[in-house]
Amino acid sequence: MSSDSLVCLKDFEKYAKEHLNRNSWGFFSAGAEGCQTLRDNEEAFRRLRLRPRFLRDVSVRDMSATVLGQRVDMPIGISPTANQGLASPQGEIGTAKAAAQFQTCMICSTYSNFTMEDIMNSSPDGLKWFQLYVRPDRETTAGLVRRAERAGYKALVLTVDLPIVGRRYPDLRHGFSMPPHLRVANLGNADLSQNKKDRNEALDYGMGGPDQSSDIALSWKDIAWLRSICSLPIILKGILTAEDARLAVQHGVDGILVSNHGGRQLDGVPATVQPSSRLCSCVITFAEKVMTQNNSRTP
Amino acid sequence: MSSDSLVCLKDFEKYAKEHLNRNSWGFFSAGAEGCQTLRDNEEAFRRLRLRPRFLRDVSVRDMSATVLGQRVDMPIGISPTANQGLASPQGEIGTAKAAAQFQTCMICSTYSNFTMEDIMNSSPDGLKWFQLYVRPDRETTAGLVRRAERAGYKALVLTVDLPIVGRRYPDLRHGFSMPPHLRVANLGNADLSQNKKDRNEALDYGMGGPDQSSDIALSWKDIAWLRSICSLPIILKGILTAEDARLAVQHGVDGILVSNHGGRQLDGVPATVQPSSRLCSCVITFAEKVMTQNNSRTP
Amino acid sequence: MSSDSLVCLKDFEKYAKEHLNRNSWGFFSAGAEGCQTLRDNEEAFRRLRLRPRFLRDVSVRDMSATVLGQRVDMPIGISPTANQGLASPQGEIGTAKAAAQFQTCMICSTYSNFTMEDIMNSSPDGLKWFQLYVRPDRETTAGLVRRAERAGYKALVLTVDLPIVGRRYPDLRHGFSMPPHLRVANLGNADLSQNKKDRNEALDYGMGGPDQSSDIALSWKDIAWLRSICSLPIILKGILTAEDARLAVQHGVDGILVSNHGGRQLDGVPATVQPSSRLCSCVITFAEKVMTQNNSRTP
Amino acid sequence: MSSDSLVCLKDFEKYAKEHLNRNSWGFFSAGAEGCQTLRDNEEAFRRLRLRPRFLRDVSVRDMSATVLGQRVDMPIGISPTANQGLASPQGEIGTAKAAAQFQTCMICSTYSNFTMEDIMNSSPDGLKWFQLYVRPDRETTAGLVRRAERAGYKALVLTVDLPIVGRRYPDLRHGFSMPPHLRVANLGNADLSQNKKDRNEALDYGMGGPDQSSDIALSWKDIAWLRSICSLPIILKGILTAEDARLAVQHGVDGILVSNHGGRQLDGVPATVQPSSRLCSCVITFAEKVMTQNNSRTP
């Protein structure tokens, strides 16, 4: 398969499986536990049905949208993925340049292999948000947030669905070993390099400590703390229930990303593209409320 | 597999796959994108259930029907397909003779390999409609319409679901090359033969230009223009929503063909044989309205 | 696979496929057209769910039932199948002996390879009904009915779902050839043996004539004619709609067999074991009506 | 596959299939009849969906529960399985030690290969219940009950879904042979060892006699008899309908286990994890009633 014949996402997936080494492919392809949710994510997509309308003059087409005040050429962006250096030497910088070229939003992971500043400098015109894992050490977290704001990221995307790292059976069976040349660039990892096991755990998920947990004590009150240390819009990534969507509104966040972490965190949750009707109506209500807030903020 | 054992459609499909060259088979078998709709079209058919009634004297059977004032022996006709010369040297003429023999309707494609006049002359007794792609150059379009009327076609079938040619992944991967002996007979293609790429695009879908689009600006107001240049009944092919069916009634067309273009245009739309219940009731209402109109026209 | 390990119906099917010649296996296994209904019949069975009750003293168990006044040891009988001589030299006589041993009802086909009299004599104690195909020649039909009544058959099962023989694609592809030693015993077939094609058609489905049809003109009024020439209860086999079940009640028949002919007649009808809820309620109403009639007949 | 890479239940199943001999694997893996329910049990599990809530401080987690007055570390216990000696020389003693280590409940089968006293002594701190098959000889049954109470078992789990042993097709095809070194320890089996066929039947299901039945006459009135000879809570295992759940409440039992015997008894019943909504509401009502009773018993 040559790269010339890559015409759809499935082709890229097949190409990656053929060209990445087993360690890297394992990292990107693993789903949580029995991978039911990983499969459901794709199947739910296939069940979506379009209702095309015809006999409209479509000689001029525009898919641009405004997201939290920023214009994008299409309402499709790039979710955060850790360790993109495993897929290509260009890592997150390659992705950022592509996103900028297509004028859409890229969300950069806390656990990127390039620093958030290097990524931003590679494509300063592209809209970028920063995905945040809250570290046990709050000062480290605050440092990340301040750097993101200073570097020009336009929103903070707080991942809420990782109190504990998902049990990915392939990882548990075969292990995962971070290549020595890759870094958790935003955190620095001089201390981690001493101990191979610690280093892999940290690099794998950007976390240290024996229980692989970082955000285990994260709770709604931390939203207020985040709000107090930064002026960026705050988005919660990983909300899966109507109840949590309502709490998000009550705690004054600026948006939510309905997501199941690509089926990599907790197996058995609903497909990202097929939330419950209760969650759907919450999302709509939320959008209306946020719009009203935004309007009232812009007098 | 010999042609003696062809007892159902699936057998013909298998036979075609075995006997056509890869280029021709690729043209006829390709579906849009991931082919979800191509598969759905067949699966929805399999889910239909018959409710047979018994103990009726069926020694005399009659499946004939009247369509737009014309009698057919059975309420099953032949949808338009381009480039039938790829399947057989007899091309559209072979199909037209078969349709005439079974006394049913054939819809001839704008992009046939024989001219509409040659097809009509081959079987003048058979009921034929002409499928129309509106060309960017309206005079060319008007010429096609006038020729169809003059040649004896009994209705104009305007395809509405092709503002842009569907992305057929197999075509994108392997390309498609029109054999040199085949023509877009209704349009003439002397000029196209100079440039291989242009020629293939034009022959493939009967269209020129870099974006492979012809009807991109087609809209409801063009129905009135068509009406003004011809007296044939106008049928819209490709309607998939109740909303568009209602608009069709309001714009005074004489019929619609619910169709997803054999799953070749936009992947993810409903199966042709399983429209929404809202569309079904529109179709019934439409039929009643058309019948009322026809009755009032025949005093 | 030895006959010792045959513990369920699927095992017998597998055994038959291995031990019958292709011609015989083809006859018994063929379904109509694409075999959707053949598959549905099995799948619908698998979807049935039992609701077992416990802590009942089941040391004495009795599954016996009374059907049209006759006692059977279990409410499961044997539907009519033609040409059982294809499966075993004992043919219908073997089946009849087994049915008698288990004290349940066997329905003997018009197109058996032994005469109805020979079958009855082989196991005179076993309850037997006679399945009737109405022949174009009514005198032949009347002869069959009179013989069945005289031989001791307790009911007449009129097949209503065969105005035309189902299009079984395997038969159409490979043909079916009746072995020379087998007869349509109830009809005699001296005349058929002259012409191989005629003979096969006749033996295959017990019918002559070019269109393989016998009951093509059969209708509700023929029920009254049947009633006039015999005193046996009349059962209609093949009813698939609530409407026809209601007509059956109105025409005074004594029972119906909801059946799709094992998926061999018309592909696409509902699974036998999963009739519509409307048909189910008709069947219950029917049963109540028949019971009331029977009670009023026994003063 | 090494035991190091066993990360989920499916891995253990695969490991067992590879490492057990065919006889032992056959015993544990067999489902009733066509194994529809065996498959449904797993598929219904896969259809369950979780609704995770986030942004809760989960640094302290507690899954402990109180069951019939006893504390367990998690609300997941071990259902009774006969003949665990087939899987490991440690048999039920190995399982009991594991259950005690994880501080959860083990239910010991009447047909264990170690005596109930040996199992209890191996891990006296672990919560254990005793599963009871009522024997035709009531004095033997009473002896089992008295021994269980004396040994320290905290509840009696009466299996109600085995009036007759399920027809497991694999067993019927290949047979099952109890290894000579294993005993039905709770019953003693000196007399059984004389006759190989009897011995196998007895050891297989812990029952003697030609019809493999023991509880065939078991009925609701036996609950009162059980109550009269022991003071332990009584739980009914195998209830599958709302009607039987209601009867259980009326007969004063202390709990029910909704179960289809792992799909090994009657094929075609609902999946254990997917009972009807009527049964679900009964179970809830039941739980409330039992709680009320318990409260009124503890003044």
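In this document, chain identifiers A, B, C and D correspond to the written order of the chains, with residue numbering beginning at 1 in each.
Following the convention adopted for this analysis, a residue touches a chain if its C-beta (ideal position, glycine included) is under 8 Å from a C-beta of that chain, and two chains touch if they have at least 3 such contacts.
Going by UniProt, the chains are A, B, C, D = (S)-2-hydroxy-acid oxidase.
Quantities reported herein were computed from a predicted structural model and do not represent experimental measurements.
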Common touching chains of subunit D and subunit C: none
Copies subunit B and subunit C touch via same or different residues, half shared test: different
Centroid distance [mean C-alpha coordinates] between subunit C and subunit A, Å: 64
Chain centre separation in whole Å, for subunit B relative to subunit A (CA means): 45
Of all residues in subunit A, the ones touching two or more other chains: none
Interchain contacts, given as pairs of chains that touch: A-B, A-D, B-C, C-D
Residues of subunit C defined as touching subunit D within the complex: 5, 7-8, 10, 46, 48-59
Residues on subunit B engaged by subunit A in the complex (per definition of touch): 33-34, 36, 160-161, 163-164, 167, 169, 172-173, 216-220, 222-223, 236, 238-241, 243-244, 247, 266, 268-270
